[in-house]
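So that we are looking at the same thing, I have put the structure below in structure tokens.
We call the chains A, B, C and D, going by the order they appear; numbering starts again at 1 in every chain.
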């Protein structure tokens, strides 16, 4: 083998993030010392990002099956059957670190990457969501990061013409040095036109399409690689710049080609670009690939094999075509003004049964790697972990009541975490494609399945402070809240994608959070028939030894058979009755009230345990509510989550510009602030014009339901003593974010 | 009435427009690729919204230099109906078929929300379904919707009655709150808001429908 | 042959980006800023080696695409 | 005192705008174009009259707002 300019030293191995044991394994697999290109390939294939080495063991415990699941985790995205020969394909992915370094491009390329994951499988993306977590509002970088991230997400999604219909955004000091940007895409495909990554057909052409390859994002390995390039100019940034215009063309070109029968396999080039896409296709198909790097479309001069294999240039795809279809395919890509190059062919496995990745560059064979051993031997760790110590439940009597109930409500609705996110979603085109039936602002977005009366509901949820206090319960709660948000629109929840954002897994207490969250998620998925079909893990989210709050973001998708049945969160109409489904005990541990009004940070044990999640109760109450919506009995619905009953009521009032008179149902064991702000789970508020009948049906179903009041006037009134105008609430609710963001910001 | 929608690389409201037109016309509306050069036979040509050429350089600038533009100009010159929405409006101004330019929104942000428009006149092919002075709701969704002209042009278009719609509350800094303009002859309309997004009560309103109904039932002289 | 083109807004044309920069800079405690205008700066590398011809070509590109002469001025500089 | 700032993408950073312009120019029958890169050009008018101090101030503005130093380079020119 030629082109091994440097001896592989211990430094170079370390720079590539491989441990000594891992390097020993490399030597065993290769039967010789690897050259630098080969080492680079091992390093990215075995990176945490590509190999899931710390998380694999636990991800395997998540339930992934249901009769409607067509494809669970393992492919680019998960697939569920939504009837009539149609499938929903979706996934969530993080771009945390790049977004911190360069918020606009980091977030933009995150959105671009997740959309490629979805359209690689044959789906047209029909909706995007984004779950964002920033540091405390007064941290000097926060504003700049919010600005850049939101603009980047909008910049990419808007140009693609895919509506961004929902998400979350929270501020907490644990994210000061490590923000979270999780992007989710939901796509629509025909069940008989789904594309997978397994390569097949010895001799079949391997084709590269999309943008040219540059030296973008050649990560930590950059330093090592600079030794091999002539380029000694300014140190190359590792930030990739997204080109949504090219991605839009790539989307259209791919879908056009997918409508023919030319494609055998297809895989987008995401993290670790050409390396991971080619290895994945080959290893899933049990074949080898001979690849000619000279044929790779290149944006820069004198690129080395190492650089080409590790580049993370965006907007590229790799495909295996049926022989003879090359010209037809080329024509399509040229029509869309994209690069198209045949860069290799599939080869037979060797005698031992493994395919080989053989790379040629400038007429020489410069790398030869056995594919299966590399993939099979990819490390899997059983990292030590300790369970998070259990916390005592905080009694309502241990939490101070506010001086003024409505003033407390106003503070919560007008605070960093309780205020409206309109400032964000108005920068996203959330209506393009003209199928957005429920826009951002409610519980879940509802997007019609084009040309049908069906619709998909989607939402992203997690309450990190709960997960921190009790990872198992917090994991359950995230799934339950997602399920509730879908239910509240009338949709039948079908499946989730998860994005596990955690700190350093080498610390046992962080690993314990991860293990606990997986357990909780699994419990909830089983109890709610709500399997995991795709997901992503992002570890090492920490700065200076402090991890972020554990944040397993759950992206849920549900189905409405008849979109005309959906309801929103705005009160159904003047004079209608307000019914609370589920029991209010007044749980204040880890509540928003405790954080915002009492000023606790949730980090110490005496902030209490998070609310208990009774999954059987969730299911019973949710099924009841959904039936009431679908039958037309419920005219509006909102689940009760952060902030409790009073916040939920206020949100319904603000969404409809209608007031309400609510009976004070607090009591000795549930004082009014616990009743108003407690975060007991499995609860919803609905409005109806026939409360007696609804209560009767509830009783028959064994569902706890209470007639709580009436929609009327312009004020939100509780009992006789507490009242505030809806306009006043709306004013603080709508203004926090625009005010906050209007201050000038520097990088 | 025969209608078509032009498709540029990265047009993205093309399908929405087609759906809205077909809803009113009840017959198929063609999609025409920007490399085509002939639009004879069409009564109505629509340049849809989107991000043609990524909105790079200036919004609509590169699309305005596409092969199809000569045919579009010809169509307008012979009196054919021409509608440009959002990016389509930007393309038509860049091509100098309509006066003025669309600059960055004054707050430099993409703005997506429902806005209220006032219909300035209802004696055109586009607006006969509305009343003059009527307020209608239509979403805007753009980054560069800030309409601008020099004083002289402004005087001229105001004097000629070329202003088609005005924002009730100016969202983006447009001069005189202008949301849409006609050419002098009145057969070409460009506007930033998206009437095609509100033609279905399931999506929150139908204030766009009268425009498409009026267009597609238009019996005045079209073309030559 | 390398060349650059500066595209600037004509006098009297509102410049929202410049205005916004000015506003933000002032907010960031940069005092004494009278005006900020933002323009575009385009670097071209073309095959033509004759400076006069190159200028001619680039002028055509400016009129044809790079500048919107309704609101923008442009200035060409041939570098080498 | 007047000054200009040129903000350009660092070497090797993808320039989608430049690429699209190049592509369109080629489509408009301008042949022989090797590369187009697009940058920003900012004209400032500030009160400071001492050139050295002005440069210092503008440098701070560049780092703080005008340029994104992760992917962009900037160059300051003091005019008068």
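In this section, contacts are C-beta pairs under 8 Å (C-beta built on N, C-alpha and C of every residue); 3 or more make two chains touch, one makes a residue touch a chain.
What you are looking at is a predicted structure, and each value in this text was computed from that prediction instead of being measured.
Visitor: Given the two chain pairs A-D and B-C, which is bridged by the higher number of C-beta pairs in contact?
Guide: Of A-D and B-C, it is A-D that has more C-beta pairs in contact.
Visitor: Rounded to a whole Å, what is the gap between the Cα centroids of chain A and chain B?
Guide: It comes to 36 Å between the two C-alpha centres.
Visitor: Provide the C-alpha centroid distance between chain B and chain C, rounded to the nearest whole angstrom.
Guide: 29
Visitor: Could you grab the centroid distance between chain B and chain D? Build each centroid from C-alpha atoms only and quote it in angstrom.
Guide: Comparing mean C-alpha positions, chain D is 34 Å from chain B.
Visitor: If you look at chain D, which of its residues touch at least two other chains?
Guide: 16, 20-21, 24, 28, 38, 64-65
Visitor: Give me the residues of chain A that touch two or more other chains.
Guide: 243, 245-246, 337, 746
Visitor: On chain B, where are the residues touching two or more other chains?
Guide: 53-54, 56-57, 62, 65
Visitor: When you draw the chains as points and link the ones that touch, which shape shows up: line, ring, star, complete, or other?
Guide: If you draw each chain as a dot and join those that touch, every dot ends up joined to every other.
Visitor: Going by the contact rule set out above, which residues of chain B touch chain A in the complex?
Guide: 9-10, 12-13, 15-16, 19-20, 49-51, 53-56, 109-113, 139, 141, 143, 194, 196-197, 200, 202-204
Visitor: Which residues, counting only chain A, touch chain D once they are in their complex?
Guide: My answer: residues 101-102, 104-105, 211, 214-216, 233-234, 236-237, 239-243, 245-246, 299-300, 313-314, 337, 746-747.
Visitor: Please output the residues of chain D touching chain B within their complex, sorted ascending.
Guide: 16-17, 20-21, 24, 27-28, 38
Visitor: Which residues of chain C touch chain A once you look at their complex with the stated criterion?
Guide: 23-28
Visitor: Using the touch definition up top, name the residues of chain C that touch chain B in the complex.
Guide: On the chain C side, the touching residues are 12-14, 16-17, 19-20, 40, 64-66, 68, 70-71.
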